[in-house]
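Structures follow.
Here come two complexes built around subunit A, the first alongside subunit B, the second alongside subunit C.
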Partner chain A sequence: MNSRKNPSPKKRPVNLDLSSMQFPLPSLVSISHRVTGIILFVGLIFLLWAFDTSLSSPHGFEAVQDVLSGNALAKLVCWGLLSALGYHLVAGVRHLLMDAGYGETLEGGKRGAQIAVVCGAVIVILAGVWVW
Partner chain B sequence: MVTNITNLGRSGVSDWLIQRVSAVLMTLFTVFMVAFLLFHPHLDYAAWSGLFERTWMRIFTLLTLLSIAAHAWVGLWIVSTDYIKKSCVRLGVQTAVVAALFAFVVWGVQVLWGA
Partner chain C sequence: MSTLQVSMYRYNPETDDAPYMQEFQVDTQGRDLMVLNVIQMLKEQDSTLAYRRSCREGVCGSDGMNMNGKNGLSCVTALSEVVKNNRLVLRPLPGLPVVRDLVVDMGVFYKQYERIQPYLQNDQSTPSIERLQSPEERDKLDGLYECILCACCSTSCPSFWWNPDKFVGPAGLLQAYRFLADSRDTATTERLSGLDDPFSVFRCRGIMNCVNVCPKGLNPTRAIGKIRDMLLSNAT
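Let's look at the complex of A and B:
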């Protein structure tokens, strides 16, 4: 670097230490809103399978019940999807409130993000209690 | 002006409205389903299939299915447009998403009215 001729006369600050940069909370809330959206899209196939099988016959209904009460992996998927849905819903309601004019300031945006994280965490815990 | 040709509403404002109306409908369905399941802790097949035999529930469920398809189309279009820079890959992903959503809607209709 130093051996090369530098066309720019000024010394510019270089920061390649990515760990020193941080996302502000509202952007973390936003990116996780996107991630949970993708998770829910993928999860649709499980929901439709459960919907189809549970309504196909009494036997199918029992099969879904058995999987959801006995299979640890199925419980994990169910909890994951409920959590993703709960968080995505909360973050979506935040959008609707901001559309209506609430929390549009910098401070309000931060506060709204904090409330969304707390509500999301509560739903994740409640979903876990429900599934197990 | 760039005209988008792969998003659902063909305009950002239209997509914005579709996203919000579908979100409200899905929220109502979610609240209803969670309440139904909580109030029926010992749910059996008769009560479960009885619920989906009612016309209003079929309409409500179909409306939710269509909302899911529209909402996921708009949402995944935005996300894929933001992150996938190569046009052919992006078009492929968006086509696959829309095809999958179409299949989910048809599957859901079959479950609701079929069998």
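Let's look at the complex of A and C:
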């Protein structure tokens, strides 16, 4: 009688293929704010370790100084973390402003996201100039 | 170039183990049809296709779906608004269980709507005439009462995708604020205490996907901000 293959409502599929969806700029700014937060959380472990080493002895200070001035990878990590910090700061301030009621219209939200991206890009470039 | 390539999400629980995409070709004769018109033409090609529709003019809110990655009502969305490279991808509203093809189970969405008690509550004795409002008090309800519960907003919201049972979602919160803002409603304190937890309101991260898709041009993000302000000033 009943030839149903999949009668249970619990087995119903859900359309959540993120690659099929459009994400407007404000949502991308928000998710990248969170991603940079995680990057900072993990990256700070290495920075704190380097900080601790540099304070442990004059020898340690020179070792960290050498790595940061000579090693390209160390510079890249440093630049990456500075960029993440700068972007996270800008996007965070945007969230604070929105919580205070600024830029809560569709247009305002898009404008705020654009400003955050531009400011973030400027900080990324400045951080690169400073590191190298 | 009047042949439109349509890719349609198909799932029949009686015959399919998993959903798949079916390709269709539709001759639009160069007209800028509404997406719902195209779906009706697909239904003529394949009568097993299932979708919801009723008024076909953006009032009933039955035909919410994901068109080329963006939620909207297919009856009031013209092809020229969504079609790119002569291609249209139709998928059911994201995050809700699919009953069949484009038909989703809206149960969890309605449950959140029910939770915010979407009706006027007043503990004063019933007056002999209507409960009066000043024009200014009535103005506060504009942009709130127009919601048709099509679920386009809540199903575009990542916070609702991951916590549909705990986060009320933009549609429910817009209605929650509609009654919080109503001068005739006296249950403000009770309503706020029902929302005062880390999930119901505060899962909103203000990414405004809801505002971006609302077919009625409403702004749930602003309403959620207002509720947050009320929760903070009534802090317990």
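Couple of notes before you dig in:
Heads up, the rule we're going with is that the second predicted complex is superposed on the first by the 111 of 132 C-alpha atoms of A that agree within 3 Å, B and C clash if a C-alpha of one lies under 4 Å from a C-alpha of the other, contacts with A are read in each partner's own complex, and residues count from 1 in each chain.
By definition in this document, contacts are C-beta pairs under 8 Å (C-beta built on N, C-alpha and C of every residue); 3 or more make two chains touch, one makes a residue touch a chain.
Note that this is a predicted model, so its numbers are computed, not measured.
Touch criterion met: A:Leu89 reaches subunit B, while subunit C stays clear of it. In the superposed model, A:Asp99 makes contact with both subunit B and subunit C. Look at A:Ser27: by the touch rule set out above, it reaches subunit C but stays clear of subunit B. In the superposed model, A:Val14 makes contact with subunit C only, not with subunit B.
Look at A:Leu76: by the touch rule set out above, it reaches neither subunit B nor subunit C.
In the superposition on chain A, contact of A:Val122 is made with neither subunit B nor subunit C.
Comparing which residues of subunit A touch subunit B with which touch subunit C, the overlap comprises 95, 99. Taken together, the subunit A residues at the contact with subunit C in this complex read 3-7, 9, 12-17, 20-24, 26-27, 30-31, 95, 98-99, 101, 104-106, 109. For subunit B in complex with subunit A, the residues that touch the partner chain are 20, 23-24, 27, 30, 44-45, 48-49, 52, 68, 72, 75-76, 79, 97, 100, 104, 107-108, 111, 115.
The touching residues of subunit C, when paired with subunit A in their complex, are 9, 11, 13-19, 66, 68-70, 89, 91-99, 104-105, 158, 161, 205-209, 211-212, 219, 221-222, 225, 228-229.
Across the complex, subunit B is touched by residues 34, 37-38, 40-41, 44-45, 48, 51-52, 54-58, 61-62, 85, 89, 92-93, 95-96, 99 of subunit A.
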